[in-house]
Structures are given as C-alpha cells and as structure tokens.
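To keep things simple, chains are lettered A, B, C and D as they appear, and every chain counts its residues starting from 1.
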Amino acid sequence: MTALLQILFDALSLGSLYALGAIGIALIFGVMRLVNFAHGDYISFCVFALLWPSIDAAAIVFAGQLPAYLLIPIILATGACLSMLSEVLVFRRFRNANPATMMIASFALGFVIKYTLLMLFSSRPKSIDLWSELALPVEILDARIPLLQVITIIITVLILAALVAFLKRTRFGLEMRAAAENFTMARMLGVRANAVILLAFAISGMLAASIGLILVTQTGTVDIQMGSSVMLVAFIATVIGGLGSLPGAVVAGFLIGGISVLMQVILPLEVRPFRDAFVYGAVIVVLIWRPNGLFAPRSAKQRV
Amino acid sequence: MKKLLTGVAGATIMMAALGTSVAKADDIIVGFATASSGFMQAYDKPAQDAAMIRIDEINKAGGLLGKQIKTVAADTKTDRAEGAKAGLEVIDKGASLVVVSCDYDFGSPAALAAEAAGKVSFFLCAESIKAGIQGVGPHSFSASVLAAVQGATMAEWAYNKKKARNFYRLLDTWTEYNKGICDGFDWMMPKLKDAKLVGQDTFKNEDTSIAAQITRIKSLPQQPDAIMLCSMMPGVVSAVKQIRAAGIKSMILNGSGVSGGYWLNATPDLSDFYVPDQGSVYGDDPNPAVNEFNKKYKAATGGDPSSQYVYPGYVMIDVWAKAVERAKTTDADAVVKELEKMKDEKTLFGPRTFTDKIHHQNRGRYLITEIKNGKPGVVDEWTISEPIPVEYLVKK
Amino acid sequence: MSLLNIKDISVNYGRLSALRNASLTLAKGDTLFVTGPNGAGKSTLLKAIAGVVAPKSGTICFADKNIGGRTPEDIARLGFSMVPEGRHVFGSLTIEENLRLGVGMRDDKDVAERELETIYSVFPMLKDRRYQTAGVLSGGQQQMLVIGRALMANPQLIAIDEPSLGLAPKVIDDVYAVLLKLRDTRGLTLLIVEQSSARATMTGGRMILLRGGEIVLEGDARELTKSDALKAAYFGYGEHH
Amino acid sequence: MTKRPSIFLRTVSTPLILILVLACFLALAALVNSGPFNQVVIDAFVKVTLVVGLYVFIGNSGVISFGHIGFTCLGAYATAWLTIPPMMKKMALPGLPDLILETKLPFGIAIVLGGIFAAIFALIVGKILMRLSGIAASIATFAMLAVINTVYSNWERVTGATSSVVGIPIVRVVWPYFLAAAGAILIAHLYAISRSGLALRAARDEAIAASASGVDIGRERLIAFIISAFITGLAGALSAHSVGVVTPDTFYLNLTFICLSMLVVGGMNSLSGAVMGVVVLSVIIQVLRQFEKGVDFGGTVLAIPNGLQEITIGIVMVVILIARPSGLTRNTEIVWRRWPFKRVSATAGS
C-alpha cells in the first residue's frame, strides 16, 4: 500500500510536468497550427534568468536571490515576454506559411536561444539552491513523500484550475477556445487574431517558466538541455491527446508520466535501460489505435 | 537561381582560399583539436589551459630539444564530424602531438585522424580504456585515470575505511564513463569479503525525476551502507538532491565526474558524500606543489580550477615532453617507445604508467574528498590493492 | 447611398482564376441573391468581402470604408456578419458560448443580454439546449445556431452561404421569416447565396448569376426567373453553339 | 506558357545540373588538395545524400518524418558490423551472429548493404506506420527513432551500447562520397518521375481526389519510405566511414533537425531544394567558421566569438524562411531552358 502510494505520487508529479508542457504546446498549436519546438528553450531561458551571465563554473545567483513573492512573478514575466517576443519577431511573419516551415522556424529560433545561452553561461551545467526546504519529506499514510512532489502536483492542479477558469469564464478565454477550434471562423466573428495569439504565447511562456521553476527546485541544476526532454515528451503528449485538445494534452501528459514510472517499476533490471523503447512503443500503439489522438476535437483537421 | 549558384560558388572559393596556412619548420607544434564551443567546451577548455601552463613552463626553461613549443588549435564544436576535420587541420599545420577532446566519443575522430597520419595523440582526460591502443591505435594515449579505477577505489576505500558492507548500485546509463565507474565497482566487489550488493537500478541522466528508483531503495528491508552512484553532471546533482530529499542517509560514493565544489550550492546540507580526486582544487592538497599550481592556474585564467579534470592537461604535456626529451626526437614511434617505458613516473597529480598493452592508468592514487555539510575537504588517500586487469576492462 | 460597393474584383487561387472583374452594389435594406452552378465563384465572392481571401485586383467598400486588405475581424467589426458554407459551429463550445462569441465587438453587457434573448425568442430550440455543446446539434439546428450567432452582432449586412442546404423546408421557411423580419424592422441588408433560384422568386429582391467566375446576369429576381435568360445563362446555353 | 523545353531536357536536366554543382565541389577539393578541406567536402556530400533521402519521402508524400535519422543509424551500424576487422569485432561486439563476426567486407559493398538493411527495416516498420498520415505519422516516425536510439544505446553485445564503435575503415578520398550523392540524386529523380512518385505527389496535393482515382496512398508511401530509408541508410554508412566511429547519440535529434532544416530551407517539395539547401547552408556555415578563426582584412584580423556561428546560422535560417517560406528554390526544380536557368513548378513540371 505504501509502495503503491509512493508510485502514485511519483507518476503524478512526473505527469504534472509533462501536462504543463503539453498545454503550453497545445495552446499555441490550437490557435496557429504551430508546433513550437522552441518551447523547451523557453524553459531553459527562464531557468538561466535566475543567474547572472558568467562562464565560470560556479553560478552567480541573480534573480534567484529574490524572495519568492518577487521571484515567481519575475520569472513568469520573463517566460511570457520571451514567448511574446518570439511571436512578434518571428512567428507573426509566418501566418500563412505551411506548418513544416513554421516548425523549422521555431527550431531555428530555439537554436538561437540555446546558443546564446551557451555563449553567455558556457556549457557547464550550473547549480543553484532554490527553496531547498521544499525537499523535506512529508508523511502521507506511512509513505514519505518529498514535499516538493506534493507541491508540484498541487501547483499543477492550481495552474490547470486557473487556466480552466480563464478559458471558461472570461471573454478572452472564450475567444481563445473558439480560435483554437476554427481560427478563420472566429476571426469572421470579430475575434482579434493577433491579440488572441499573443495572449496564447504569453500563457504558454508562463507555463514554460513554471516548469522551469519546478525543475530547478527539484534538480538544483541549471542546464541548457533541461527543457528539451520535457518538451519532447510534452509534444508527444499533445499529439496523443489530440492536437488542439487541451484536456487531451493534460490527460496524455499524465498518462506518459504514469507509463514511464510504471515501466521503471515493473521491468526487470536487464530490460530497464530499454524503458523508453517501451514507452515510445506504447506511443506508436496508441497512434495506430487512435490516429487523431485520444481526445480529438470534433473539428480536428489534419494539417501537418 | 543563377544568382544563388554564383553566390555559392563565390563563397566557396573564398572559403577554400582562407583554409590554407603555413607552418614554421623549426618549432615543435602541439595541436589542440578540442572543443572551443558547444557542450564539451566546458570540459576541454580548463584542461587545455592547464596544458598551456606546462607548455609555458617548458618554453621558459629553454624549450624542448632546444626548440620552442608552439600551439595551434581547431574547434571541434562538440561534433564528431567536425572533430575529424579539426584533427586533420592541426595535422596539416604540422602538429607532432595531437591533443583531442576530453571525452572518448568526441575525441576519437580527431585521434583516429592523428593515428592514420602516424602522429601521437593524447586525450585530455578521457577515462575509457578505448582512449588509447584499444580504441584508436598504438600512438594514442590518455592523460587521466580509468573510470573503473574510480569505482574500484571508492568500493575498496569505503569497505576498509568506512566499514561499508551493504552496497547499492545506481547506474546512470547515459555515458560509457558512468558504466566504467560501475564496471570498476563490479570488479572490486567480489574481492571484498562479506561485502554484499543488496540491490541495483538504472536511470537516465536526463530523467527529471528518479522517484521510482528512490522508491525501490526505500522499500529495501534495510538502508544500504553505501550507494555507488555511477553518474555525472548534470543529472547527478538532481539524483543526489532527490535521494537526500527522500530521507535516504546512506553514504554516497561517486566517480570523479562530481569533482569540484561549483555545484554544491544546489545541495547546501549534503553530507556523507565521497569523491575521488587526482588532486585537490580546494586548496588543501597534501602536496604543496599542487596548491602552487592552483595559484598559477588562477593567475593564468582568472579563476580557480573548477574540478580535478583540469589536472590531466598538465600531466599530459609533462609526460609527453619527458618522453620527447628521452627520445631526443618528436618522431611518433620513438616517443611512444619512451612513454611505454614509464613506470610509476612521478607527476604532480599521481604516478603514471604506460605499457605496450595499455596507454591508460588501470591503477592510480586518488585523494578522497568528503562533502560534509555542503563543504568539500580532502580526508584520505587511496590506491587500489591491485591494478584492474586489461582483459577485464576490454571485455566490458 | 450604398452600403457595399464592389468594383472589378478578381480572385485567384494560385494560377486558378476563381472570380473575374465582379462588381456590385448594395444599399441598406437591400436583398441580393447570388446564384450559379457549383464552382462559379459564389463562395469566393463572399470570402473576398469577408477578408478571408485577398482579391488580386479591384476595390471593396463597406460602410464608406475601403476594406481592401483589412483583416476579417476588422471587417466583422464594421458590421459585416458572415455565415460561411458548411456550418462552422464551435463544436466543443456550448450553444450559448457560440452565440456570445457573436457579440465580440460589443462592450455593453446589457445589449448583449438583450440580443441573446431576441435570438432565443426566434429560435426557442437554442434556448432549451443552451448549455449543451454545439457539436451534438443536428445539421438543421447548427444552421439555426450559426445564423443566430451572425445576428447576435446586430450587423448591417449579413452574408449567408447556402442557408437552405440540408434543412427541412419548414425550417427554411422559419429562417427566411426571421431574416425578412429583421430586414423590415431593422433595415438589415441581406446577401444570400443559393444554388437554386426558387427561394429568390418567392422572397423577392435582386439577383445576380455567377458562372465561371463572372457575373453573367443581373436583375430583379422575379423577372429574371420568369424569362428564359436565367436558365440559359445558368447552363451556359448559347455559347457552345 | 510559351515554348516548352523538350521532354528530354525537362526530365534529365534537373539531376544533371545538381550533379554538376556537386562536381564543382569535387573539382574544388582536388584543386585545394588539403586534408581539412577534403573533409569539409566529404561532409557536405554525406549531408546531400542524407537530405536527398529525406526528400524522397517528405517531399513526395508531404508527411514530415522525424524518424529517418533512425535509418541513418541502422546504416551506420550495419557498415560497422561488416567492415570492422573480425579480431576487434569479437571483442567489442561479441553478440553479433557468427557469420557477421567472421566477415570483413570492402567499403563499397558494405555501405550498399547498410542501405539495404535500413530499407528492409523500413519495409517492416512501414507496413504499420504508413497507415498513419499527417502529424500522427510524424510522431510515429519520431517514436520509431526513439525506439531505435534506445535499443542501440543499450544493446551492449551487438551495438556496444553508448560507447563508440571503432575500427571502421576511414575513407578520406572524396570521389566515393560524390558518387553516392550523385547516385542518391539520380534515384530520387527517377522515383519522382515514376508512376509511384507521381501518384504520391498527387495524393500529397489532393488526398481525396487521388484516393478516389484509385491511388493506394499507403502503398505508394511505403515505396517512398523504403527508397528513402535506403538512401538515408547509405548516408549513415558513408558518415561512419568518413569519421571512423559511430555512436547512437550522433543519430538523434540534433541531426534530425539539422537535416530537416536544410531540406525546408532549400524547399522541401523539390529535389533541387534538398540539394541546394545543403549546399547553401554548408557554405554559409564554412564561411562563418572561417570568421570564427579570424579573417585577415588588409592587416586587421576580424574574428567573431566562438559560438556565434550557430547563432548566426539560426538567424539566417529564420530570415530565409521569412523571405521565402517555401524555401530557396520555392519548391521548384532547376531545369535547363537555355541560359539562364529557369524554374518550373515541381508539381506541374514533372
């Protein structure tokens, strides 16, 4: 029972990260059919914003020193700004381009962000202590769960709830959902396209920033690569969930998190290094079974 | 389209014209085919700086065979195909010693190019048996000590000095280096009477959470005395943080991949954490000459050595230059012959032995650094009781 | 004076010409039917007005403004409501949310509420199911929804692409009754694409016939249908001889 | 359209012009005759082969594949298995079947077998994956790449896991790579003008119409998948011989994106796009690298900081795509129509 509970928390906390990433990608995909491969680099960028640029091995903590009530808004704003900036400078110029072109443009943008960070901070991963008091374990029904896991899950639930409230209760949210489903029709109803897209980018950037903060707290590491593995799984989750479907993205994110943890638990030692092969094998099976994803929106059109 | 084609042609001719340069005849040239950009840069650069310090020392003392040592460099961009080009480029510029990237995987393309050209090549700090005869050829060497020696050292030391009996093995499958540490640990374990492996698991360096692996350790009937953590930056920090956060108090044994204090602010209260080091970067090396070197390094680069991986660069030039002096030529075969005669050759950072079977260290003296309340300090020194057999290393 | 003034517009899809030198004017309160065979350019004409496709040449003026090059949302905000072909309801949104989207450009909440009640009174079915997602509606119900949604904005001009398609005759009557009532009470201008001229004859108003991307006939709906000219032009008689 | 060029010129001029462009580089390499520059040209030829292989599938089917670098991996390891001296193989890769352990094939045969191995794998996997289309197919191909990568990174006895496989004979002469790139261009062109290629492109542009007129999209896609797997596998084998070592992580996301970028920047729906994308980006990269090393302008040496090359190339790519969203060649083929070169549409022209 204790072990089971622990596994459940492991799965939920890993799934949380994937779910947050998947929504960030699904939001953008929904409004402009862009698979934003720079999303992972937004995560890295936000994390590096905690530090002062320096190529020394030891990190010089910068924004990371601020109290949480300042730090969190600043990092969220960093993510939002970077994300909106990339829309204004780059993606806006690709409104009518085909998805492959946009995707490669996003990849090129990510490349630029990554190498800029590399130049400013050197390639050596840096270490930073952010809120390590959160690392203490708490007792839940005899299981000792790291507080951070609990917090990660709670924060994810809160973010999801806030997002749902925003989408369901506000005018902007309504417009965004409409735009995600049928962009042209929404515009013909007077929905301001650029504003909605910009807002989607802002939210997506903030989601990237929150993933970054969770990752740093969890790992204590600031690394160029840290966004990309989350981004990759999140991207897959978005497709499995049904592109453009936000609930689908969330469920698929948790699903992949769950499968990864489960595989790690049940696979015998010799096979365990092959874990990801099983996870990705499962991805293929799901795709063959449901090519439009688990929760394809009714109007889903294949455009890529 | 025509414009496109002419543009391409023009640029190409320009680039070809720029690509050629001349080498002077009466210098000895050391070529660095290392990464000045990309992931490996952070590992190559410090070791290369250390190598430069030794070169400077030699030049100031009158040079090598009466000639000055000149250096040329080409950037591998942390890319294998670029690595091969960089190797060819420094050979083209007349290098008699080709220094290649720290890591075997990234260094080997350049080393293979050097081998094909009949030049001596040295890996800055690669710790795989392949960085040498086995993976490149008879003219290739590594300046560091095998990863397996680190794992074996930690196991034997913890068994003897810390009375550890129950071991747990946690392997990060990301690199060959990590596996090497665990291979050495595996080799040592059966030699330690009544030491027991109570469990083992794997993870991937990029895993953001190793919660499942931790759960497995915690469900053991009794916490292990020591966890052999075969991993490296950056994943290792995350792993350690999570292990300690879960309340696992066992001592953690590591390879030199975690050497250096630069990452410790991520884990402010870390204790019972042990690292093998070839020399101390913390200013408390038992050998004052090492502390002297650290000062020199700081003067030259503006910063303290970040980790022990700075040192092999110095060792490399040191042993190569000695071999050249003894051979009285930079001719590759003669230099290799002299290098292979070295047995426990003293260097600033522990003895070096090369034979015609192995151009690497399958035994070595290590300082043991303990991290206590987040502060590193040298607490001991250990040399494994017997060298790890070449056959065992090759088979792995 | 005219509400909509289209002059000499041509639209190309790649190398394919979809509309050539089309011109027409509409005054406030007018009713214009656009008919023609499949692929004649009827939908393209509407899309060009809505700003969804960009004309290669020509000018479009709406409510005294040149709307060439403006975005669809700008044009919508000038009082142009479009009901495109194929019932684009937002399937994952509720019926009420669909309708509320229609008032995108209105800040006044009370007006929006009043408008909503008006639409509900016209289509009581929508009110009964207001909290269901629009995806579950039948084809006819979806058609009502999109027309209701287009009316929510209280537009000056509503353009509807094939309102009768797939609807039961009874429902078609209802839809037209609503549209005509709004025309008569509010001065709503109607621009309706229908493949058949039957409805136009019944309702009255002007009519244009598009074929092969060109306006080939224009006149009063009832008079045109009485003459043989329409049929001849529709099928292109008299040209292949 | 006024006078159209003869059928002969239209059908064969594209590959001939492209091969001619590559031949210029071959000649330049012979002229410069320096080791590093040879390697630059070799590297470019390998990339041309690889990207042309990608084009055969992506360009004709319109499905973005993230998985083809998996075939490159298969090809590279296959040639490693076949060409490493048996002595070394027995030590490093003892899990290989005896037959392979005892064999040592010449370079030329081994690379072709590498391509065939990848093609056979594509046949098996493609049977399942080619049922999918659109982004589902893209993700499925990526999942395939991830599975291949995970297996090759961990199968100690057969692939040596993450450790570099060494002992592959290094081939540093340029012409075999040129021949392979030219061959890839020819194969790609022949496929593009074949019935299957035409049907597939028709399906790419008008899926419903094509399937209504009896095109079995799945089957045609599978054919393209297999041919492109052969070419990308061949490119993998070539890259193994050009560097002398293979590791699984070489053949993963970085290479995938670099090759896709070259294809899209060139123009993903045309063979000329595939080739010119590689040529143009490679040349820009080389020029930038030269600047990183420092360029002498009449006494003043101008050098850009290390790492700026990557940033610049990223910006250059974005700018090219903004200016020409359908790539440098605008998705058209280069054909011979008297001087100067003229374009015809890739869809209408062939």
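Just so it is clear, a residue touches a chain if its C-beta (ideal position, glycine included) is under 8 Å from a C-beta of that chain, and two chains touch if they have at least 3 such contacts.
None of these values were measured; they are calculated from a predicted model.
Peer 1: Name the chain with the Cα centroid closest to the overall protein Cα centroid.
Peer 2: Ranked by how close its C-alpha centre lies to the overall one, first comes A.
Peer 1: Please indicate which chain is farthest from subunit C, where distance is taken between mean Cα coordinates of the chains.
Peer 2: Using the mean of the C-alpha atoms as each chain's centre, the farthest one from subunit C is B.
Peer 1: State, to the nearest whole Å, the distance from the C-alpha centre of subunit A to the C-alpha centre of subunit B.
Peer 2: Here subunit A and subunit B have centroids separated by 35 Å.
Peer 1: Between subunit C and subunit D, what is the separation of their C-alpha centroids in Å?
Peer 2: The answer is 50 Å.
Peer 1: Taking the mean of the C-alpha atoms as each chain's centre, how many Å separate subunit A from subunit D?
Peer 2: Using C-alpha averages as centres, the distance is 31 Å.
Peer 1: Could you tell me the distance, in whole angstrom, between the mean C-alpha positions of subunit A and subunit C?
Peer 2: 42
Peer 1: Name the residues of subunit D that each touch 2 or more other chains.
Peer 2: Correct list: 153-154, 307, 310.
Peer 1: Quick check: what residues of subunit B touch more than one other chain, meaning two or more?
Peer 2: 37-38, 41, 173
Peer 1: What pairs of chains are touching here?
Peer 2: A-B, A-C, A-D, B-D
Peer 1: So in the complex, which bits of subunit A are touching subunit C?
Peer 2: My answer: residues 174-175, 177-178, 181-182, 184-193, 297-299.
Peer 1: In the complex, go through subunit C and note every residue touching subunit A.
Peer 2: 50, 52, 71-73, 76-77, 82, 84, 88, 90-93, 97, 100-102, 104-105, 135, 149, 153
Peer 1: In the complex formed with subunit A, which residues of subunit D make contact?
Peer 2: Touching subunit A: residues 64, 128-129, 131-136, 138-140, 142-144, 146-147, 150-151, 153-154, 253, 257, 260-261, 264-265, 268, 305, 307-308, 310-311, 313-315, 317-318, 321-322, 325-327 of subunit D.
Peer 1: What residues on subunit A touch subunit D, complex-wise?
Peer 2: 35, 37, 90, 93-94, 96-98, 100-101, 103-105, 107-109, 111-112, 115-116, 118-119, 228, 232, 235-236, 239-240, 243, 273-277, 280-281, 283-284, 287-288, 291-293, 302-304
Peer 1: Subunit B touches which residues of subunit D in the complex?
Peer 2: Subunit D residues touching subunit B: 21, 24-25, 28, 31-32, 34-40, 43, 46, 91, 153-154, 161-164, 166, 170, 172, 239, 242-245, 247, 249-250, 276, 279-280, 283-284, 286-287, 289-290, 292-293, 295, 306-307, 309-310, 328-329, 334, 340-343.
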